[in-house]
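What follows is chain A paired twice: with chain B in the first complex and chain C in the second.
On to the complex of A and B.
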């Protein structure tokens, strides 16, 4: 992708891009677009097929339409466990991301606005921690949660989701840039306490940044697989990622469940797509803001 | 096909094995005292239809309540190791024979030899071997999948072939078919899946691992093992086998379109044939699995088991439940009904009451007695096969080399010679006494 942006940026600097550069960029972008859309297209087509057609007809075009049957099968499997998975995903993502956003903003604000001993070291540790892959921490976390008896509860996934070093880093960046020290001084002079300043002044000023953190977390948690895989037993507690995975595994064994997996995957995209489109405006400004820091 | 899933979860396994410290002590806590009063025990499985049977059991046995947990497929082995390490493992878990042996060797299971003894006579000897790696019993058999042959009767007729009885016949038929149509293959061997060699070695009477008193005898290069390897070598050398990957959900096309005209198959695959063979259903016929020695006919089978994990407090009650589930007429009748979607086939001595229902309606041409062939297969599973203490890691080592064998970069014999040395070195490293067979 970087080659695309480079090709697009190179002829900049005021001059009109040459025809060749435009053609090259456009064709690269078209290839990239196809590359991104092809899997979705396949998913859409495959979800309309029944088991037999799935293997015996051309993969990228429709045959007889069984979309309704497939959706019906997805929703009715194991007393509607799929609906439960979607609900679990929404719950884990919303609560997890909200908690994480609040903690990140508070911690970032603290790091940005208050001078205390060890601040630099603390910040370095947090930046360092954001480099640790969460996959690596899943097993130690499992042992800790097993010790305090919280495995296989909703807390076993929510509490780790609340803590997000990268979110704290972003929180600090946003606090630095969007909360002027003068405003805090003014509030103090007017007699506001520190808690009040944070809640009524700083949080509001950082709301755009907060929404960005929330979105990043929401999507991370929605797609997270490893932590719930460790912590949760029994399919009724699964988020949709883990649920679909359990279907994929069964597809290889006693019966063929590939149509369920495909239609289920298509359905599972919808909530995330809605979420993305609804918050698109913030998404774009958030990324731009991040890129300038 | 389990090999595919194994690779998919290799990442999970790698991370886990990094952080896992295994309790290497032997689990000699053979609790044979009878449990009194009400107990509750947990059972992890991922087979459809089991949950309903657990409910039936719980209703009739208020004193032994089983909590069923639907675990997510093969990653369950890593989760079980983690759960045992942290002390909150279930009492029972579904396991395959390979993992049961490895768990037992790692000291993660409960020895139930005495408790299980009264139930032994219900199951086939081969099934009991699968739950007794190294002699002591660590589980109860759950299901079996004996191997037999399915072939395209119409194409066999077209090419002038007879259903093969021996593996030599298979190779001869493969060559004869190619004289008529050079693109036709007699068999399929996937590049990622060495289970073909396991099946052939089992059928040939080989013993890769054999317990002899206080040590293991390792026999990857015994005459029986080499003759099994030789069949694979000839299939490869003469280009008689296709290489469709079982990781591909559309793998059935290879047979459905008549490119490959014979396969070895088993009970768990039967329910999905009618939907997955739209073009060729009705043209297939079952036959006994190819043999090495018609005087000593034997086939192979994978076994699902119920493993008794370390820390299981009521192994006697757990054994009552597990044996009811996998050997009582009540439970087996429900589980072998295709409506249960379990795909389970019993590991009991007399399987005849459960065969008829699992035969697909449209797949076969009705010219051979499918029920008879399935029953025969179940009765002639080789009883010599044993899973050794490092079987699972040996299998992944074999998987790496198998791909080279399929690409003709290595001979089967070279692979078996390597595995012989590899296993001896690996067991020595693990502190398990082992010698080369015949030495």
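On to the complex of A and C.
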């Protein structure tokens, strides 16, 4: 879809403008390009420096290269706690997003295809809940989870990640648009049970929607800082966002931590960037779906 | 006779309803509930129960038995926490600060995104792909990491920006007074412009070309077409995006929390409502008051969302 309109946009857009207009357009774009890239460039450069160079040399250019030492220091700090954080982030994001996608698709399918009592009211509640930012509930959630002794376990973050009203909304949209009633009817006549129809017919038809929900969830969970901050106490359960924050706090006491913070930040970007690059086909449309929120 | 004609009418009515019920299946109806059940249970556990529990907590207060000594115990005090919050100047100042700052920052951010989207609409396709990818880099970077990068760029000891300024003989501070808001706003704007640019770009591309081909044939300049034809046609999405950004901004937390580490004097622990709640709960240990504050913030956010929903729905229809 987007590639078609993009191709169409090219000849119309590039046809007429004067040379001065092109120069102005390009230079404005370049200014914002530099603005967007400069901080990341700084991070890249800073990750190659040792403690003294970090403060004594110009921040946007290299001095002697200590990248390997810095990475080494990041990995070995506190018995490899950083690796553990990355692993936790991968675990929370993958399991959290997978669980939430399945629950959302099932609920969306149920809402779209079955006329049960209270369906309209339930859907209204879901739309309403999806308008509210999840951070709002973090503290009330903490109170409940602390009461039942779930805080500081993986479940304290996973269970809230599983429940995503916006995912259910998307699931219903996808079920409405991609699962034909006739097909379900035909499967029923063939004697398939409802669970079987959902698993082998509906889920397959909704797979594109499922990937989009998974991806939006994955990105949100990877970036989440708030919920883990409330729920998790022990360093070994942190996701990488929270781990980096704990290093920033320690850096207040000792400046040596700063090289760790910088190199760790650089390393933490990589998994999400790889993930988004791999799924870029989906997240273009996913972003737009997400924006409808 | 008339009493006899009535029953048939009901009878003709009910088969229709029965067939529509049979389509989804009578047993299907309860199976539909089964499909939504995992979500329903989860929703009760992670939305309804926490709110109910937070509400019951908020009706209590921690009181020390004896004269300030001895163990504390939690006693029921009715709505006294809420009464205290309504009289709590710092809480509402934080709320107002976050809203006003958020509104200003979102206007700037969306303005830049709109400018970039319009610029991209006017350059060659190959360049578009390149610029779009580069401008989206901030979106790929987790908010915590991008805040960290700016934290260093703002820090008095490591900042290359201050380094250059120093050599040029200029002295300035990223924090204090208005600068605090500019610096914080810059972080949020940096994080958001690429993403919003993509949104706006998409709605620009969805506009029918006839809309501005005519103006172009009449010899209108590109910027004129952009301003008088393209922009008025996408104000809907701009307003919508702006509103939802504002709802999100009201929960502002991580960015000011991080920047506090280089500017503790400029950014207090009650800078935003969420920071205040966090501080109240985990530093002061006053869970009951923090629970009440959470609920008040939720209600304010809900009201904001409701008003926006109403306004946009009216606009759409």
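The criterion applied here is as follows: the second predicted complex is superposed on the first by the 249 of 293 C-alpha atoms of A that agree within 3 Å, B and C clash if a C-alpha of one lies under 4 Å from a C-alpha of the other, contacts with A are read in each partner's own complex, and residues count from 1 in each chain.
Basically, a residue touches a chain if its C-beta (ideal position, glycine included) is under 8 Å from a C-beta of that chain, and two chains touch if they have at least 3 such contacts.
As the structure is a prediction and not an experimental result, all values here were calculated from the model.
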Checklist entry - Which of the two partners, first being chain B and second being chain C, lies in contact with A:246: first, second, both, or neither? => result first
Next on the checklist: Contact-wise, after the overlay, does A:86 reach chain B, chain C, both or neither (first, second, both, neither)?
Outcome noted: neither
Next on the checklist: Per the contact definition in the header, classify A:233: touching chain B only (first), chain C only (second), both, or neither.
Outcome noted: first
Checklist entry - Touching A:33, do we find chain B (first), chain C (second), both, or neither? => result second
Next on the checklist: Just to be sure I read the superposition right, which of the two partners does A:258 touch: chain B = first, chain C = second, or both, or neither?
Outcome noted: both
Next on the checklist: By residue count, which of the two partners contacts chain A more extensively, chain B or chain C?
Outcome noted: C
Checklist entry - If you stack the two complexes on chain A, which partner ends up touching A:55: first (chain B), second (chain C), both, or neither? => result both
Checklist entry - Does chain B (first) or chain C (second) touch A:151, or do both, or does neither? => result first
Checklist entry - Do chain B and chain C touch any of the same residues on chain A, and if so, which? => result 54-55, 135-136, 139-140, 142-143, 147, 226, 229-230, 245, 249, 251-252, 258
Checklist outcome for this item: chain A partner, complex, touching residues on chain C are 20-21, 23-25, 28-36, 38-40, 42-43, 45-47, 49-51, 53-54, 57, 112, 115-116, 119-125, 127-128, 131, 134-135, 137-138, 140-146, 148-153, 157-160, 163, 190, 193-195, 198-199, 202, 205-206, 209, 213, 216, 222-223, 241, 244, 247-248, 250-251, 253-254, 258, 261, 274, 277-278, 281, 287, 290-291, 294-295, 297-298, 301-302, 305, 309
Checklist entry - Residues of chain A touching chain C in their complex? => result 2, 5-10, 12-14, 16-17, 21-22, 25-26, 28-29, 32-33, 35-37, 39-40, 42-43, 46, 54-55, 58-60, 103-104, 106-107, 109-111, 113-117, 119, 122, 128-129, 131-133, 135-137, 139-144, 147, 159-160, 162-163, 165, 168, 181, 185, 188, 194, 198, 222-223, 225-226, 229-230, 241, 244-245, 248-249, 251-252, 258, 261-262, 265, 268-269, 272-273, 276, 284, 287-288, 291, 293
Checklist entry - Of all residues in chain B, which touch chain A in the complex? => result 1-2, 4-5, 11-12, 15-16, 18-20, 44, 46-48, 69-75, 79, 82-83, 85-88, 246, 249-250, 252-253, 256, 268, 271-272, 275-276, 278-279, 341-344
Checklist outcome for this item: In the complex, the residues of chain A that touch chain B are 51-52, 54-56, 135-136, 138-140, 142-143, 146-147, 151, 226, 229-230, 233-235, 238, 242, 245-246, 249-256, 258
